[in-house]
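These are the structures, in structure tokens.
In the two complexes below, chain A is the common chain; its partner is chain B in one and chain C in the other.
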Partner chain A sequence: MTVMTASFAAATITELPPSARFSLRTTDPIAASASLGLELPTKVGARAAAGARTALCLGPDEWLIEAPEAETPALIATFSNLEARLPLSAVEVSDREITLALSGPAVLDLLATGCPRDLAKLAVGSGCRTLFDTVQVVLTREAEDRFHLTVWRSFAPHLRALLDIAARELAAGL
Partner chain B sequence: MLLIRCPYCEQDLPELEFAYAGEAHIARPQDPSQLTDEEWRDFLFIRSNPRGVHFERWRHVNGCARFFNAARETVSDRFLCTYKAGEARRDISALTGGAE
Partner chain C sequence: MTSYRLANRGRVDHRKPVRFTFDGKRYQGLAGDTLASALLANGVHLMGRSFKYHRPRGVVSAGSDEPNALMGTSRGLGRFEPNTRATIQELRDGLEATSQNRWPSLAFDVGSINDRMGSLFSAGFYYKTFMWPRAFWDRVYEPVIRNAAGLGISPTEPDADRYASRFAHTDVLVIGAGPAGLAAALAASRSGASVMLVDETAEPGGSLLSEPSVTIEGKLAWDWLSATLAELAALPNVTIMTRTTAIGYYHQNLVGLAQRLTDHLATPPADAPRERMWKVRAGQVVLAQGALEKPLAFDGNDRPGVMLAGAAQTYLHRYGVKVGDRPAIVTTHDSAWFAAFDLAEAGAKPAVIVDIRASVDPVLTVRARSVGIEVLLGHSVTGTSGRLRVKSLRVSRLEKGGAGTARKIACDSVLMCGGWTPSLHLFSHTKGSLTWDIELKAFLPGKKTEAVHIAGAGRGLWGIAAVLDDGANAGTEAARAAGRNVTAQSYAVTVDRTGSGVTVKELPTDRDPAAAKAFIDFQNDVTAKDIRLAVREGMRSIEHVKRYTTNGMATDQGKMSNINGLMIAADALGKQPPQVGLTTFRPPYTPTTFGTFAGYHQDATFEATRKTPIDPWAQAHGAAFEPVALWRRAWYFPKAGEDMHAAVARECRAARSSVGIFDASTLGKIEVVGPDAVTFMERMYTNPWAKLGVGRCRYGLLLGEDGFIRDDGVIGRLAQDRFHVTTTTGGAARVLNMMEDYLQTEWPDLKVWLTSTTEQWAVIALQGPNARKLIEPFVEGLDISEAAFPHMSAATCTVAGFRARLFRVSFTGELGFEINVPARHGRALWEKLWQAGQSYGITPYGTETMHVLRAEKGYIIVGQDTDGTLTPDDAGLNWAIGKAKPDFVGKRSLSRPDMVARGRKQLVGLLTDDPKVVLQEGAQIVADPNEPKPMTMLGHVTSSYWSEALGRSIAMAVVADGRARDGETLHIPMPDRTITARVVKSTVFYDPEGTRLSA
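Right after this comes the complex of A and B.
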């Protein structure tokens, strides 16, 4: 974790604790929504939340389901039940990815060092799959100045090093 | 940077998120064993490569991961339109305002 004094904290990077993540593919989101207890959004980039569970629509038939780690067995049971009735694919990807929380007044500048998208247009509460320096990442905007960046575990050290350098440069006023 | 409209995400997004995937509207023959060697070669390898409007497939690989079709002007590198996979080929004269 980058240690910076408060007055220079233009952007801070924190690794979040593990959470339950599932990659869900189905052509019938309405039926799946009822069992999951949250309505799967059908617009790409939209995100729905019910309690601590969130679903981010990554593609026309693809969702990333996130929940606290303790809910993993419950979600596996839910998907097993659904599988008997619906054609779907639910893959647990909890350990595949690491989520970094990026926050601070310069968080958009920090992300602009590696991400080609115009993230100022990304509405709070929505997300997208995109690139950061050739690495595929999933970004969600939690607040105006706070993003969560989810990246495959093996790419995380590379990405973290880049972000740390960029954060130090921003803190130094470069 | 070139911005490409993804018909599934319904946004103009940076070219880096996309991958080119060859010429569009090339249907695989129903029964390849009935084709002559020349016809099979043409299906596999022979592409139009026009100077002007080119219909091509793109994939939003670092986004929604969907394949879609696009009409691109190969001289100016301008995208005339993009549309979902499976939809009919767009009318060139409507896209270029009858200039072709």
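Right after this comes the complex of A and C.
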């Protein structure tokens, strides 16, 4: 996987290598938590982490589970085990989306070129499903000046083009 | 330095000359000038020709309400802008400006013949004169009128500039950085609230920039302004944006701001956008937009040199420009007296102050006479003279009921003031109510619908002290409403030139009022007598008067003309102004470029173009593409010398005789998972699912509640509680939304979840008699023999080392497989199959061949063969309905009388009598081609192709009672001929027994 980075001083945009991603749906997060090795947060937007494995709550019964790619078989096994016991849906979406890391002192301005949400208020370690331009994305705040933007694969070039324009605009300083 | 530029005055930089041209002539201005102030400094008042009468016009205002000084400005190819307001455009080195609406030149214009024929062009003239013959309107009248009237010329080349957009969030947004806005921003920001302060001009300060003698808190206005801006700039919670116009105020305090970024720069930085649209969500909004000065309506009030008194004051103080040596002042408000005093102090010799009022504050008259200005109280102005520049003023004493004997006063400019109109535009956008203030004769903001505070002259206050205190109050209230704590400050102000005035209709004249050209709307050339004519002809509401006369309908949206027009209409109707009404203001507040609205949606980023992982291969192999929803899909793969027809015929032959490879990745995919998955499927789709075995597939048909076909696709059962649903490419999002809608609102009890997996999988279809032979060596962990993996099987396995979902399905009628692999591996798998397939002459095919192959088999395309009005029976798909099922979406509607009535259009096949003729899709079908028009149309052709396999054309069509017409000959009238075709009730043209599916 090629990692493409564009840096325009105020903001850096990097495409991240693939990771294991599952969309988990269940009405019984407590029961699912034990098998996953992390406590599924129940507040929409909250994210829990255990080691490199994270769970971002995207809806009342919806979580995005993310882990390093090597954990894919283990997660598949865990979920198929869970599905046998619990009313639950686990669907692999590792290849559905692409994640761009956005960072730099002007990262909030960069995101404000396309996202209508007030992201200054998004706490580090939390996330949200929102829009960038006309496209649905999942944003997580990894640090004060670093966000991950996850978007469906075929929309990624469009968003990347917009972000590159915006980054150049920020660098131009007007 | 010209004689009109005053050294040591203004906020322009006298050490920085700026060169520009106007109509090709070179001029020099100063840094800080607007195009208008620079022209005035050069003694140029004539800046344009009017819209309808082509009358010579000069600049009237010093702001965004300018109706006359509209020019073309350019900085090269693709960067020409018509109708630039010279009062807003800042001077930049090398600026090229051209006047508009004149030929051959600004000083001599042929079109001004319209002016002398003015009596022919009164209000409603177009409606009355150009009615007949009707056909003349499109071909003759309208083009001629459009040529004669109108403003600047639209550029035809693509816009070479880039535009930007940005979202912002703030506790308090203050609109207008005059004294009220500054005081509001100070108060709110001191509370710690986040504050955005925006102003449409290049510099904050508003009226303070034109009022330097006032002192605030012991400081001269401009010193106080610097100190205030420094304080605001030092606060981290404050953002000040100049050159930023609040153009629209939308629901829930969303305000659109158009920011001009580069138009003032001689050399803009690379990558900088020209303008930016801000979409600001504000907790609280403070409107401090101020007031707009009204002109007075008198004959000849539009000659170059006639302008607003406040504008002259602005040109003097802000730009250091004297608009004339011998101005005459005509007013109904005290404010113009101060403009006269300031001009006198700057060295001009005001000829006269004509005040319509019979008496004014004696302080004013005493001061005027002390500086040698003649004062005429209780006088009217009844005319002006001068062709390209005003030369004299005609004044008459007001006597009971009219104007007395006239007298001529020489002058080189006329400064008029008819009072001030609070600027209500943005407040109006919120649908806030307005109340009529009898005292002020003005509309003021009434009931609010948003979290908004209105401060200063915008709510009828006058004087610097009053608006500062009011602004501070508004800022305090806004901060408190935003949950902050702060106390309002009161400002100590001296030399505050307060005053008052009256609002009048057109000025009385001793001459024939019908001959007077007393302009109300300068931009649309509407005069006072036009308004009266409209009333005489029966217009009663201001909305009708507006449309009949076009008063206030120009791009300035009546900023100068609305209230004057209303006063005259009310007078003519004998009613109070609020009974006649005020027209609605709509966004944008000032003309805004299309580019600013488009933002980043330009060229490559106009909209998202979705591409599959295999798209780069198709591109490299010369595919022609077609858009399908937001996707671009390979349409066909022409070889050298092939046209579309030849390429498609070759691709069809390959798929039928050996093997074709097709990128089906765009198919919508939804994973339906959970213990209640099968229950959900039973309810959503018409087909039965309960008995579908794991590892089996079935064609699924989806209806709307109305019983009409919405979508279809092959659905595989991967486990007892897991379905892999496919949808049409264009229907993917719609189907998922519909499913979620039912799940969340109708069946929240079902334990089943939906996940879009469209983009998780790349899908490669291999179709043709050699498909199995090709794929077999790649498949691990699965026996794909005919016996073990028959048509309509599904399984997970490994293909070429990639985890895969393999489907034995066919949309071609041939033996076929669809291989789903994780999207990132799609292209690698494609290349492997491509390599291995060379020995079979593997042929990539596109959507066109896919359409032909499926049509030969009579498979429908939802949205092409159906149009949202076809039931399963209409489409011949009754077999897809689970007859024993108690319910499914749309079931009830299928038994409604009209849904089972005779005469419905049914999908049938059409075979042209001449097998070489391919019908046109969309063509209408009739029974009797000799029937007089309008003919009875039985239906239309939905799909039509050349079938390479059959060696003839085939078509599908929806025809009234189509199946009962089996064998009947119908007619398809075309512009050049009528085609005959035979109806076949089955749409399966090729291999009707389906033997090829199981080869």
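The definition used in the following text is that the second predicted complex is superposed on the first by the 166 of 174 C-alpha atoms of A that agree within 3 Å, B and C clash if a C-alpha of one lies under 4 Å from a C-alpha of the other, contacts with A are read in each partner's own complex, and residues count from 1 in each chain.
Note that in this section contacts are C-beta pairs under 8 Å (C-beta built on N, C-alpha and C of every residue); 3 or more make two chains touch, one makes a residue touch a chain.
Please read these numbers as outputs of a predicted model, since none were measured by experiment.
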Chain B versus chain C as contact partner of A:W152, first or second or both or neither: second
Greater chain A contact set [chain C / chain B]: C
Touching partner for A:E97 - first (chain B), second (chain C), both, neither: second
Touching partner for A:V44 - first (chain B), second (chain C), both, neither: first
First, second, both or neither for A:S89, with chain B first and chain C second: second
Which of chain B and chain C A:T27 touches, first, second, both or neither: second
Touched partner set for A:E169, first chain B, second chain C, both or neither: second
Which superposed partner A:L58 touches (first chain B, second chain C, both, neither): first
First, second, both or neither for A:P116, with chain B first and chain C second: both
Partner chain in contact with A:P18 - chain B first, chain C second, else both or neither: second
Common ground on chain A, meaning residues reached by chain C in one complex and by chain B in the other: 116-117
Contact footprint of chain C on chain A as seen in their complex: 1, 18, 23, 25, 27, 61, 83, 87-97, 109, 112-118, 120, 133-135, 152-155, 157-158, 161-162, 165-166, 168-169, 171-174
Residue numbers on chain B that touch chain A, as the complex places them: 1, 8-11, 13-17, 62-66
Residues of chain A touching chain B in the complex: 44-45, 58-60, 62, 116-117, 128-131, 136
Chain A contact footprint on chain C (complex, rising order): 162, 164-169, 261-262, 268-273, 279, 281, 600, 604-605, 607-613, 631, 671, 673-675, 721, 751-753, 755-761, 822-824
